[in-house]
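Presented below are the structures under discussion, each in the form of C-alpha cells.
Here come two complexes built around chain A, the first alongside chain B, the second alongside chain C.
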Partner chain A sequence: MSTGSVVVPVPDETTRRTLPALTATSGLLRLEMRRSVMLWMLPLVATLFWFITYRPSMAYPPLWNVRAMSMQTTALSVFAPTVVGAAAWLGWRERRHGMTDLLIGTARPRWSRQLATWAATTCWAIVAYLGCGGVLYGVTAWQGAWGGPLWWPAVVGVVSMPAFAALGFAAGVLRPSRFTAPLVAIGVFLALQISLQFIHGDDSYWQISPLVAGPWEIGPDTGVATFYRYLPDLPIAQVLFLAGLTAALLGTLGLPGDAGGRRLRRCAAVVTAAGLLTTTTAVALAGTGRLDAHGMIAIPLLHDEGDDRPLRYTPVCNHTPIPVCLHPASAGYLPSVTAALEPVLTELAGLPGAPVRISQAAARYEQGPDNRVSISRAGPPTSGTPQVFHLLLPHQTATAEFVAELRVDALQSIVNSVVGGGRNASPAQQAVTEAILGTSTLAPGSPAAAAAQRLAALPAAARHAWLVEHVAALRAGQLTLEQLP
Partner chain B sequence: MNVEIEDLTRRFGRTEAVAGVTMRTGPGVFGLLGPNGAGKTSLLRMMATVISPTSGRIRLLGRDPGQYGQRREIRRRLGYVPQHLGYYPRFTVVEFVEYFALLKEMPPTRVHHAVAAAVERVGLGDKATAKLRTLSGGMLRRVGIAQAIVNDPELLLLDEPTAGLDPEQRVAFRALLRDLGQRATVMVSTHLVEDVGAACTEVALMDRGKIVFQGTPEELAARAEGTTAAGDAPLERGYSAVLAQART
Partner chain C sequence: MTGGETRHRPYVVAPGGAMRAALRLARLHLDSRRVPAALAVVAACAVGLRVALRWQWEAYGALQLPLIFETGCAVAIAVTATSLLGEPERVTGRWLPLLRLSTTLALTVAAVGALAVAGAGAHLAGGTVEVLRNLAGLVGIGLLCAALLGGAQAWAGPTTYLVISLYALYTQWHGPALTTPWLWPARPPYDLGAAVCAALVFSAGVALIAVRGARDTGPETARSG
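Let's look at the complex of A and B:
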C-alpha cells in the first residue's frame, strides 16, 4: 500500500449541483450493464425464441400480420419468465452478497441505485427482444412480404420488457430469497398462460395481457390486417397498461423510509399513484373492446375511423383459363390455389354461369356466443357482370388441408354456379358436380354415383365439350341420369 | 470536531449494545479497542449512518445524521469498511471501486483518476482488472479499503480492517492510516493492540457498550504500571488492566 498523498477533493454544494448528474447515472448504468446477469440469459432467450417463435412463424408464408403478431403471442412467453427471473435475481443481489451495510452508507438514494440495476436488466432485455424481432422482421422483408412491417406488436413487446423487469426486480427486493427468482419466473409464465383462459368475448378485461394480439380465439389469422389496417386500439391500451404497471412497481420501491429523501419518496408516491391509475384505465379500456368486421379489437375511445378504410393494393393473378387473383400479401398461396383450382377451372371456363375471374375476398369476423368467432366471406360469393367469384382463402398452413378446404368451399360454389341445383340439385346435377370435383359423396352403388363415375372416367376435354352442349338443360334441371354420357 | 457523540445508546431488543457513549474527536487516527461484543461495531455502524441510535446525540463532520439532507452530505464525505465486507464477485477491482465512487456522488470527471489512485494506494494496481471472485481474502480486504478511501473521506470508519492482511500489508496499511489521519478522522475498530500502538494517536477502550478508557496509547500502556495485568507488550498489559478495573 502506498502512502503517497492523492488529493481528491469533495466538491462543494454549488459545484455538485452544476455537475451533470446524467453522467454519473450513465456511469452506474454502464457498470450495471457490463455485469448484468441478463447478459448471460441472452443465449437462452435466443434459443427459446428460435424454437418457440421463429420456426413456427416460418411455417407460414411471409405475411407481416402473422409474423408480427407472433412477436407478442409467443415471443413474450419466452421473454417474460427469463426477464422476470433475471431481474428478481438482481433484486436480491445486495442481500445475497452482504452489501447492505456498505451500500446504505453511500450518498446516492437507494431508489436511484435500484433503478440503475433495473434499467440495466431492461436494456439487455430490450436489446435481446429487438435482436430477435429484427431477425424475424428482416427475414420476412427478405422473403418479399407485401406491405410494410407492423410495428404495434413489436411496440407492445418492447414496452413489456421494462414491466417484466420491474415485476421481477420488485419481487427480488421485497422478498429476497434464493427461491424468489425461479418462483416468480415460473409464476409469471403460468399466470400469463392461465390469464388467457379467462378471455371470454371481445370485451374481456383479460385482453390487456401483452400476449394478446387480437381476438384470442382466432389465433394467428392470415386474413387479419391484410385488407385493412392493423388496428392500434388494443396495443395502445396494452402499452398504457404496461407503462402503468412499470411505474407502479418501480414507484413502490421508492416508498419505504430508507429509499431516499422526503422529496424523492413523494415523487415515488406520485409515480406509483399515476402508474396505478394508468393501469386501471387501460384495463377498463380493454373491457370496452369489440371485434370489428375485419378481425381486430376496436376500442371506441381509442378508435380512429380512418383505420377502417380498406388498403389499396394491386392483386396478383395467375394465368389459368379463369384467372385467380389474390391479395399481394397472399401471393405465396397462389401456386397452391392454382394447383387446387386449375383442373376444374379449365373445364368450366367459358361455360354459362362460370365466373370470368376469381378474386380473393376479405373475411368478415363476427363475435358469436360461447367465445366463438365466425369467419365468413365479406359480401356475396359472386358479383358483377361478367361474374367475378369472391374467394375466401382457408385458414390452413398445411398444403393438403388448404387444398381440401378450397375444394369444399370455393370449387363447390363455382361448380354449383355452372351446373345449378345447389341444395335441391337433381340426380343428374349431383352426378355432374361429383364428376367434375372428383369427390365421392353420393351413396355408393346408387344410380347417381354410377353416372358420376362414368362421367369422371371421360377425358376432361370430352366432359367440357359435353357441358358446352348440355349445360343449359342441366342447369334447368331437364336432364336425367340416363342422358348423361 | 469531526465526531461529537453524547450519551449515545443503541438497543437491539433487550440487548443494549451501546450504553451511553460520549466521545469527541478531530482529525487523526482513533483506535477503538475492546473484546468481542463490546459494542464497537454497533458504534461504528451508527457513525456510518447505517443504523440510527436509540437515544443520545450524534454529530458527524458538523452535521446531524438524523436529517436526510445532512446525512447525505456526511455520506459524501464518509468512508466505511464494515467488519464483513460484501462484494459483487463478477465486478473487477476497478469496477467495484468506481461503483462506490459513483454511489458516493463524486464528480464524474474525477472518478476515473480517484479510482486509479485508490487502487494504487492499496497496492492492487496489478490486479485492477481482476474479477473480485478471483482475489484472496487479504486482497478483498484491500479492495474494501480502496472503496472507502476513493472519495478521500473526511471521516473514515474501519471495522477490523487488518483482518486477513499479511504482516507486510499490515505495515503498509498502518502507514496509509497515518497518512490519511493527517487530514481526516480515521476511526479503527480492532482487537489487535499492535495496530493501535503503531498507527493511532488516540484510543478508546469499550466494554459492555461503554467506553471505559479514552486517551493516548501511551496513557493506556501506563495504566498497567503497578498491576499484574497479563500481556506480552505494554499496550496489551494496559488493555488488560483497564478491562479488569472496569469489571470489578
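Let's look at the complex of A and C:
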C-alpha cells in the first residue's frame, strides 16, 4: 500500500479573499432572482409582445430591416413600463417591509444589496427580451428572409433593460411610496412617447431615445439596409446613452452616507460622473446625425466609411418577355410585380426603345425641411445599351396599393420610353399610351380618348403588330390621331 | 376589583358627537388609504395635461397624451384601495364597504373634474365625454386588479391596458384597425358600445372593491406607505 500524500493546492491571499465574496454575491443574486417580482411580469410582457410586436410584424413581408426596426420601437414600448414598474416596486422593498434599520447590521453594504436586486430584475428583463426577440428572429429566419439578422436593434433593446431597471429602481429607493411604481412606470412611458414628438429633422438630439431605430418619419422602410449595410452609428450612440444612464443612476444610489464605506462611496461617485459624461456625450453625438442617401442616420464621429459600400447580391428574376429582376430581399414581391407589369411588358417586348430587362433600383433619401424626407430612385431611370429600366419599388406593403402604384409610376415610364413624348406628347402618343396602359386620363369624348378606345379594343397581338410597324414614326411624333387603327 | 361583578358605564353620546365620530372615521379611512397623496397625483396629472395641451401635437400625439394622464389618475385611485391595516380592518364594522365605495367614487369624480378643467379652453381630443369614459374604464380595471392581485400591484392592469390602447389608437392610422368596444380609448367619444364596456368594467371594479376590498397580501399590504 502506497503512503503517497494528496497534494491540496493552497489558495493564495487574493483567491482566499475573492472566492467567498464571489460565492456570496452569486448566492445573493440567486436569491434575488427567485424573489424578483419581474418573474411574475414575464407572462404579461410576453402577451404584450405577442399582441403589439409579433402579430403586426408577421403581417409584414419577411424582411430583416422592417421586422428588426419595428421590433426595436414596439418591444421597448412594451418593456419600458413593465420593467420600470417592477424595478421601482423592488426599489422600496426594504422600506416597505420595515427592514431598513435591521439590514444596516448585515455584512453587505447597502449599495451592494441594492445592486443585487437591480441585477436580478435586469436579468429577468433581458431573458424576457431575448426570448421574445429570439422567437421573432427565429420565425423571420425560418420564413427565408434574405441576408442576416440585424443585430443592432436587438442590442439596443437588450441594453435598454438595465437602464429601465436602474431608472425604476432608483425611483423606488429615493421616493419610497405606494405611488412610486405606477407613476414612474407611466412617467417613463410618457417621456418615451413624448420624446418622439420632438424629433424634427435628422440632427435632432431626441433621436437618442431607444425607441428610434432610424429616421423617425420614414419608420421601418423596405428600402433601408437592403442595398447597403444597416448603419450602426445611431445604435452605438443609443447604447452609449443607455450605458451612461444606467451607470449614473446606479452610482447615485451609492452616494448617500448609509450606502457603504468611504471607498465604496468614492467608487459610486466616479461611476456617477462617468455615467453622466457618457450620457451627455451620446446625446451630443446624436445631435450631429444626418440622413445619408441610403436612408439611415450617419453620425460623422462614429461613421465607418466601409459601411457605405453596396452589398453584393444575386438578383431574382421572373420569366416575362422583358424579365424583371429584383433584389433577393424583395423576392416576395416578385409575383405582385409580375402580375402588375406582365400584360404591358408582353405587348412592348421587342419594340425599339423597349428595355431588355427591368432591374430593381436602390432608393435615394433626402432630408427636407422639418421631418419631410423625399424618397426617389438612385440614378437614372434607364441605363446601358441595350437599355435596362431601373425600377423603384413602391413603399406600400399592401398588395392592392403596391400594384396600383407600380402601374402609375413604373409602367408609365416604360411606355413613355417606347412611345416617346413624355410631358409634351402629341395626341397620338397620348392615345397610344392610354390604350396600352388601359387608363382613362384623357378628356372623355375628345378625339384622343376616342382613338385610345379604338386602339384598346384591338386584340393585344394586333396592337403589338401595329406598334412594330409604326413605333418609329410614333416616337418621332409624325403620326396623327386619324392614322391610328 | 375582586369579584365577578362587572360594572357597565352607560354609553352617552355628546351632542354632535355622532357627526364628529363619523367625520373622524372618514378622515382616518382617507388617511389610511393615502387619499390626500392620491389627490395630489390627480392634481399633478391635471397640471401636466394642461401644460401638454399648450403645445401643438400631431393627431396621434393629441389622442395619446390625455390617455396617458388619465391612466396616471386611474393608477393613483387604484392603489388607494390598499389598506394599511390589512386583515384586522375587515372585522371593525359595517361602514367599511360604504367608506370604500364613497372614497372610490369621490376620487373618480375628482379626477374627471380635474382633467376636464385642465382641458377647458384647450383642444382636448375627445372632450370631457371621452375623459369620463376612459377614466372610468381605467379605474375599473385598476380596482379589479386591486381585488385580484392586491392594491399595491393594481397599477399593472391600467398600465398594460394603456399600452394596448395606444397600439389600438395607432392602428387607426396604420391598419388593420382594432375596433372592438373593449378597447374603448380607440373608439369615438359617443360610441355607445365603448361607453357600455367602460361602464361595465367600472361598475364591476367598484362593486368588487366596495364589497371585498383589495386583496390582502400580508406584510406587503400592512406596510405599504
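In this section, the second predicted complex is superposed on the first by the 467 of 485 C-alpha atoms of A that agree within 3 Å, B and C clash if a C-alpha of one lies under 4 Å from a C-alpha of the other, contacts with A are read in each partner's own complex, and residues count from 1 in each chain.
Just so we're on the same page, a contact is a pair of C-beta atoms (placed from the backbone, for glycine too) under 8 Å apart; a residue touches a chain by one contact, two chains touch by 3 or more.
Since this is a predicted model, take the numbers as computed values, not measurements.
By the touch criterion defined above, A:60 reaches neither chain B nor chain C. By the touch criterion defined above, A:85 reaches chain C but does not reach chain B. When the shared chain is aligned, no partner comes close enough to touch A:205: not chain B, not chain C.
Of the two partner chains, chain C is the only one that A:44 touches; chain B does not reach it.
Contacts of A:466 after superposition on the shared chain: neither chain B nor chain C is touched. Shared-chain residue A:185: touches chain C; no touch with chain B. Contact with chain B, but none with chain C, is seen for A:102 once the two complexes are overlaid on the shared chain.
In the superposition on chain A, contact of A:52 is made with chain C only, not with chain B. Chain A residues 97-98 lie at the interface with chain B in one structure and with chain C in the other. Looking at the complex, you find that chain A touches chain B at residues 1-11, 15-16, 19-20, 23-24, 27-28, 31, 34-35, 93-94, 97-108, 113, 260-262.
Contact residues on chain A toward chain C in their complex (touch as defined above): 41, 44, 48, 51-52, 74, 77-78, 81-82, 85, 89, 95-98, 176-179, 181-183, 185-187, 189-190, 193-194, 197.
Within the complex formed with chain A, the chain C residues making contact are 34, 37-38, 41, 52, 57-58, 61, 64-65, 68, 71-72, 75-76, 78-79, 82, 151-156, 158-160, 162-164, 166-167, 219-220, 223-225. In the complex of the two chains, the chain B residues touching chain A come out as 45, 48-50, 68-69, 72-73, 75-78, 80, 82, 84-91, 95, 98-100, 102-111, 113-114, 117-118, 120-123, 142, 147, 150-152, 154, 169, 172-173, 175-176, 178-179.
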